[in-house]
Each structure stands twice: as structure tokens, then as C-alpha cells.
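Got a structure for you, questions after.
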Amino acid sequence: MKMIDLNCDMGEAFGNYAMPNDEKLMDYISSANIACGFHAGDPAIMQQTVALAIKKGVAIGAHPGLPDLQGFGRREMKISPNEAYQLTLYQIGALSGFVKAAGSKLHHVKAHGALYNMAAKDIALAKAIVQAVFDFDPGLILYALAGSKMITEAEKYGLATASEVFADRSYQDDGLLTPRSADHALITNEADAVNQVLGFALKQEVKSVNGNRIAVKAETVCLHGDGEHAVEFAKLIANRLKKESIIIKAPAI
Amino acid sequence: MKMIDLNCDMGEAFGNYAMPNDEKLMDYISSANIACGFHAGDPAIMQQTVALAIKKGVAIGAHPGLPDLQGFGRREMKISPNEAYQLTLYQIGALSGFVKAAGSKLHHVKAHGALYNMAAKDIALAKAIVQAVFDFDPGLILYALAGSKMITEAEKYGLATASEVFADRSYQDDGLLTPRSADHALITNEADAVNQVLGFALKQEVKSVNGNRIAVKAETVCLHGDGEHAVEFAKLIANRLKKESIIIKAPAI
Amino acid sequence: MKMIDLNCDMGEAFGNYAMPNDEKLMDYISSANIACGFHAGDPAIMQQTVALAIKKGVAIGAHPGLPDLQGFGRREMKISPNEAYQLTLYQIGALSGFVKAAGSKLHHVKAHGALYNMAAKDIALAKAIVQAVFDFDPGLILYALAGSKMITEAEKYGLATASEVFADRSYQDDGLLTPRSADHALITNEADAVNQVLGFALKQEVKSVNGNRIAVKAETVCLHGDGEHAVEFAKLIANRLKKESIIIKAPAI
Amino acid sequence: MKMIDLNCDMGEAFGNYAMPNDEKLMDYISSANIACGFHAGDPAIMQQTVALAIKKGVAIGAHPGLPDLQGFGRREMKISPNEAYQLTLYQIGALSGFVKAAGSKLHHVKAHGALYNMAAKDIALAKAIVQAVFDFDPGLILYALAGSKMITEAEKYGLATASEVFADRSYQDDGLLTPRSADHALITNEADAVNQVLGFALKQEVKSVNGNRIAVKAETVCLHGDGEHAVEFAKLIANRLKKESIIIKAPAI
């Protein structure tokens, strides 16, 4: 039986600013990456989002980001590996407080935004984040960009990983994402995005921007939660996967 | 054998702003209440302070405060009990991340500043903070003002408590602290402060501002860490207690 | 010719969190109170909102709030009058930077949320805020709750004021707002709210919750910008005022 | 008559964290660059520091930095030129509020830390900062690294500049600072530092790390205010300059 994980960044509200899609999206995904108060999220949102994930049976992950609420954690900051270690550990701990109090268990960690992207390429940052996850709980799963330094560093620690692919981002012949600055970086046609997800789930491959079939390790598919059609699209993907008898399920810990 | 705990607020540095006394104070105290990033402290400071406490064999407590770095958590904020629960849980979790990663164990929780004072009198806030501590780990000890609502609420939950008294604050006939706004609120004479601590440790009593001997439950004595003579004073107290064969020791969990 | 000012809190977005009503609301109001980065708003939002107000010919006001983004400036904080002075001056200055750079002129100041409410009743806070406005520019107009301490303190300084009334809040026989905790505090029926605004504009009076006609000084009407129907309601009010030949116009400086 | 400006970063305290040197340093410098609340400083500190500068007759500059209090504005952030414009304008405005309220006039602007260093090399950032200063008040003086893009961009706008040199940093043969990562980047010998300042003031030249005399435009000398011996060193420099009949004076606006 084929199986794949659908993950989505959740709990990215803050104070007075709501993210109304969160509750609905929980019906279609298997993993929630919950913001921890640095790039988004606050203690109230974290508590609510953890409760929601538990209610819907969605695996709970910490989603640590850079300390930059205004930039939503998307602006690169020149932090040292030590600082990456510290801010990752802080945020995992903070989220795990809510998970523990709610009687559940933290399942995975996925870095957010610029931290995710920087650590995908920078070995020292990757190692620092992996070390933080490992030091907190070596039983956690690290979600990270397929083929990234994060994956290779995690493997060195014996940390379980889930290689992440994207429904709405195009891929190059080398198996890497087309940079956002390039044309065709985003897949805006829903049917194309659905087909890409099916290719991930059924064949562990993706059709590149040049039309070639490229092998890619696809264990968890990232759905974006903040667009207007995000909920409809998640529903569409989830239904299509079920139709193909692909089980939507978080990786076992 | 008489025994008392000496606690001190620690890790109240932030970023570029150092608290140079911390390392030295660790030699004389038995419990460190470590700031968690809301009123003071940051992930780097927290990691360092946890490491220091472990090295010195000092019991580690989380010291959650109001989200007000500029006001150092000393300005009252009208937060709801839910918000008190959430910010306490968040901060305990964050600190426990560092404690866990360092292979140690969180020992206690003590609220900071305005949160401490508000919850001493407000049952709903007291209950919320106690609930957060209990939900995180019912084996933790709550440090709180002797005779406060925090202590009575914690007892209702079956949570272990340590009643806190102050070396450098004077007491009224009713066993409560003289308000800071009043004359003689602070004990500035070192010998008087030392004698007050001895009274706590040896007889569980204090001489009030009116000269009466008042019974007070004294399980942990708060030493202030930020004054100029803080280190000398801690040394003085610690040496005097040892001379009286009083053991300086954190309450057992 | 009758004349009234319609004001609305604007620029309350932050970073990634949008406030999509702002642009549309600018078509119906005469005064914009622009958040200054403490309870909401950031330098990017402030620049954009100032540009929008200039384009639409709407008078620009600074809208200083408490330093509490998570609480949206709605949680009371026990700040000293000095702190109120300082945070008001800081925020007026920050907004005026954008206004000056855009070649326009700051028109008014209106405190936000808990700062507005605390200073309505607390003379020392009212005085501090008035002093900050006066020290920055004695030609500015202070928008404040009709009948509040802010108005009386401003008058002592010779600062121009605009007494504020609310379209969607009910009034008591004493001319004060029904507390939000009471029943009928909010007027949810649109026709009632429109009639209340007409009463303000045409007769300087309001029908109290007990059905009595109460005199009220009504120079500027606050419209809320964040509800779902906020834009429609603003349009409705604006059209109805025009139909009654009431000019919608910010007070002259 | 020879003349030079001595500038120092001031007001870098925050909330409970003091910078006790500030008051004493004001006796020896002619220009104060006052932090504006992003990398350091808060509304209370800003008000006090402005008052201090006025009392001591020191020229007041805004010292905008990146929004990173934990990193003290020293960690590079990938901000866009628009963001650089906005955060510079916000901070200049905020400080100018205090200056205006105190009846004085803003004299200059100097970017802080990573913002200063990034804009020294990056034309787009330099242009954005220069534009913000110019749009706020074209009569302000931009203090920036001698030979940097900031200086050349400011000159294109017709903005007055003061080329900044450092008392305690060594220079290379190309007239640029020795990178901090290199040996001998810092001049730790006080006599050497004093001689370097005399070279700047008397001959507009500096002895490079290779022993060569290099021409350098030296209009304002940066003294560091946060070291242990900062006050003594400032006094030493000031006294030595006076002895050489060099006037310590901020550039005229």
C-alpha cells in the first residue's frame, strides 16, 4: 500500500491576527508544523493549534523560525550555528510544553522559512539544528528539504528524517527546486500540482521544468495553508490521493 | 539538622546586556530561577545559565514573567487567567528544552515580578499558573510568596510548594511584606538582613517592623542578584548559615 | 451647513498580516488614525498607509498604543505618566517621519485601546499624553472620548480637541458609553447605528439605552475598520450623511 | 585652526539594562549617535539621552539599526532597500520626536552595526538610507564610513556628510579598515590609538598595518563607549587634542 504524508504550516496567526484556514486544513493533512512564537504564533495560538491537531489526529511538529515577526521569518539573518542551536531548542521546548500539557507527544520538527532554506545549504547550520532536535529528543523526526544538507546531517546523527517535496513548486533536472526568482517557479495550475503530488506518492518522481522525469525522495508533501484556495486545494489533493488508494499518514516514530 | 534553600533570580541578561554576577552567585545559592525570554533572558543566556547551574550543582527553576522586556516584567498587565496559563506553560517549556538537552531535570517554577505579585493575591491567576505547572509536570515544586494564594492553590492541586521569604524586605505584624511604597520596606543594613535570614532558618519567624516576633513559613530565601554588593551579601549569608550548621539545600523533589 | 468627521483606525496590519479593508475604507472617512508599531503597524505598513491617506485626501493622525502587539494594545498595563509621555512621543515622532517624508503634515493624535481608555479616566495619564502631543506640536488636534479627562486636560493646555463618539456603541443616561461587559453595549443593527450617527451630526445628541435623548459633544465619529461588513457600513454611513447634506470633513487645524 | 568631531554611540541601554558610561562620555565628545529602539534604546532612554546631550552641548544624531535587540543590530539581515528606507525613516522620526519636544534640533544620522556595514558596500541599501535621511530633512548630515558607498550616494543627493574614522581600528594600505577577523584589527594600545587620532586630525592620514602613511578623509572619529576604559580613553583623547590646539566640534549644519 502506497503511503504519503501531507504536512502544512499551522498556527501562524499572532495575537489579533487570525489564520482562519487552520481548522479546515486539519481535515486533510496528516502533519502540522506549528509556529513557536518567533516568526509567527504566540502562546494562545500554540495552545489552540495543538488542541486542534490532537482533536483531528494530526501529527504535531515544532516549526521553529528566525526571531523576525515582521519579516515572518523569511528574511535571512546571519546567525551563528550556536544561535541556530539555541533558537531551535528554545522553540521546540516551548511548543512541547503545550503538547505535554495536552497529554500528547511531539512528533517532528521542521525549520521555517529562511532558517529552513539557509540550513538546507549550510552544513554548520544544518548540524546545529539537527543537534538541537537530537539533544531534545532523539526519537523526533526531522522534516527537511529532500536532498538537503539537513537530511544528510540528520542521517549522521541517526535521526529519523522525512524528505519534503512541494505540491506547488516546480523542480529542475537536478532534482532541486526552481528558484523563486525564476519563471515557472510556482505551479499555479491545480491539475498540474495534483499530478505532481501523485507522481511523488506513486513513483517517487517529478516532471522537471524541462519535461524530464526525475527521481526524488518524497516522504512528506508540503501544502501551503495561507492562500485563498488553500483549503479547497488540500481537499482536492486529499480526495485524489484517497481515490488512488494512497494512504495519507504521518511517518511513524 | 536545620536546612534552608537560598534562591536567586538568574539569567536575567539579554543579548548584549550582561549580568556579570550570575556566575559568582551560583557558588552560594541552592536554587536558580532562570528567566525564560519574556521579561529577560534569551536562548543563549538560558543555555549558558542552565549549564552554569548544572556545573555548580544548583537546582534549576523556570522563572516565567510577563511579556515586557522594557519593563523587566515589573509592570502589571491585565492578562486573563488563560493568558497567564499560556505564557507560563510556554516559558516553562522553553527553559525545559535547555535543561533536557543538557541532560538535567527541571526542579521548580517561580513566577517573576508583576506576575508573581498579581498571582499572590488573585486566585484566578494563581490557579492558572498552578495549573500550567501541574499540567507540564506534577512533580515540579512551585516557589511562591509565603502565605500567598499561589501556595494555597498549589496545595489544592497536590503540587509541592516552597514558601518564599526575603532577606532584604521587612515584614509587617500580619506576616506580609511591607509594601515597597512604605518606609522601611527594604532592609539595607547587612547585619539586619543576615539576622532575618537566621530567624527564618532557625525559628521560622521574623521580627516585624513593629518589633514583634511573627511566625512565617520559610522554606526558601530569595537573595537579590542585581545589586552592587549582591555577591558579597550572598557569600556573607551562606557563610553565616554554614557557621550555624544550617544546610543550604534545595527542597527535594 | 452641518459637518462631522468620520475617523477610522488604520494601518493595523503587521508584517505578513494584512488588513485588506484599509484601502476601501479610505473612500468614506475623513480622518485616519494610523498605528505606529507598538500595538500594530510596522514601518512598511505605516509608509503605505500614509501614502494611501494622502492619495485619498484623508487627514492623518498618529495612533499610539501600548507596547503589546500580542494583546493589540488592548490589555491594560500599569505604566507611569512618564512612560505614557515617552511612548506617545516616540510613536508620534515615528509616524511623523513618514508624513514629513511624504511631503504632508500630521493632523491629529488619538490614543489606542487600553491607553485611550485608561487616559480617559486617569488625569495623570491624560496629562502626560496631552503634554507629549503639545511638546511635539501644539498645532495638533487631540481626538479623545467625549467627556473624558483627555479632553479636559487638553483644554487646559490650549490644545485643540475633537470629541469622539461611536457609531456602534450604546450610551447611558449620563452620556458615557455602556461598558462592553454590559448587555446592549454594542449596536449591531445597522439602521440603529446610522440613526445614532445622524443624531450626533444633526443634533449633538444620542438616544440612551433607556430611551432618553442625551446631549453629547460629537465632533468625530469612530467607525470600526476590522469587521466583515466594515466597508459596507462605512459606505452606508457616508452616503446617508451626504444625503442629509452633512459634510464629512476632518476638523481644521 | 584644526578641528575634528568626536562621536560616540549613546543611549544603548534598554529598560532595566543601564549604560552607566553615557553621562561621563558626554563631557568629551562633540556628537552623540542615539539608539532609536530597534537594536537598543527605548523611549525612556531616548528621552534621557537627548536631555543629556542638550545639557552637555553635544550634537544629536539618530542611530538607526536593524530590528534585532538580541543581536544588538550586529547580525546581518537580508532586508530590501525599501525596508532599509522604512526602518531608517521610522527611527529618525522617533528620535526627532524627543529632540523636537526638548526644543532642540536633530543634527545628523549614522546607521548602526550591520546596517552601517552592509550599506557601506551595498549601493542599493546606501541609496535607500540616504533617501530616508534626505526625505526627512535634507539639512541633516550623514555620518558614514570614510570611502564607503554611503558617502558617495549621499554626495549624489547633495546631502552633507562626515567621513568617519576609528580610533581603535587599524587600517590597511588601501585606506580601508582591517577586517575584524584579521590579526591586528583592533588597536589595544592606548598610545597608538591616541596617535592615530592625532594623525587623523592633524594630517588626514593614518599609518597602515604595513607601516605606510595613507591618506584618509577624517571628519569624525568614532569612540567606543562600552568598554571598561571607555571614559578614561575618551578623556585622554580629548585632552590630547586640546593640547594640540585641535578643536573638538561637530560639523556645522
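Here the chain labels run A, B, C and D in written order, and each chain numbers its own residues starting at 1.
In this section, a residue touches a chain if its C-beta (ideal position, glycine included) is under 8 Å from a C-beta of that chain, and two chains touch if they have at least 3 such contacts.
Chain-to-protein mapping (UniProt): A, B, C, D = 5-oxoprolinase subunit A.
Bear in mind the structure is a predicted one, so any value in this text is a computation, not a measurement.
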B-D compared against A-B, more contacting pairs: A-B
Residue-number overlap at the chain C (5-oxoprolinase subunit A)/chain D (5-oxoprolinase subunit A) interface, same or different (half cut): same
Centre-to-centre distance between chain B (5-oxoprolinase subunit A) and chain A (5-oxoprolinase subunit A) (centres being mean Cα positions), rounded to whole Å: 39
Multi-partner residues of chain C (5-oxoprolinase subunit A) (at least 2 other chains): 44, 70-71
Chain D (5-oxoprolinase subunit A) to chain C (5-oxoprolinase subunit A) touching residues, read off their complex: 37, 42-44, 46-47, 82-83, 85-87, 89-98, 100-102, 132, 135-137
Chain D (5-oxoprolinase subunit A) - residues contacting chain A (5-oxoprolinase subunit A), complex: 67-68, 70-71, 75-79, 114
Interface residues, chain B (5-oxoprolinase subunit A) side, partner chain D (5-oxoprolinase subunit A) - complex: 12, 14-17, 40, 42, 44, 69-72
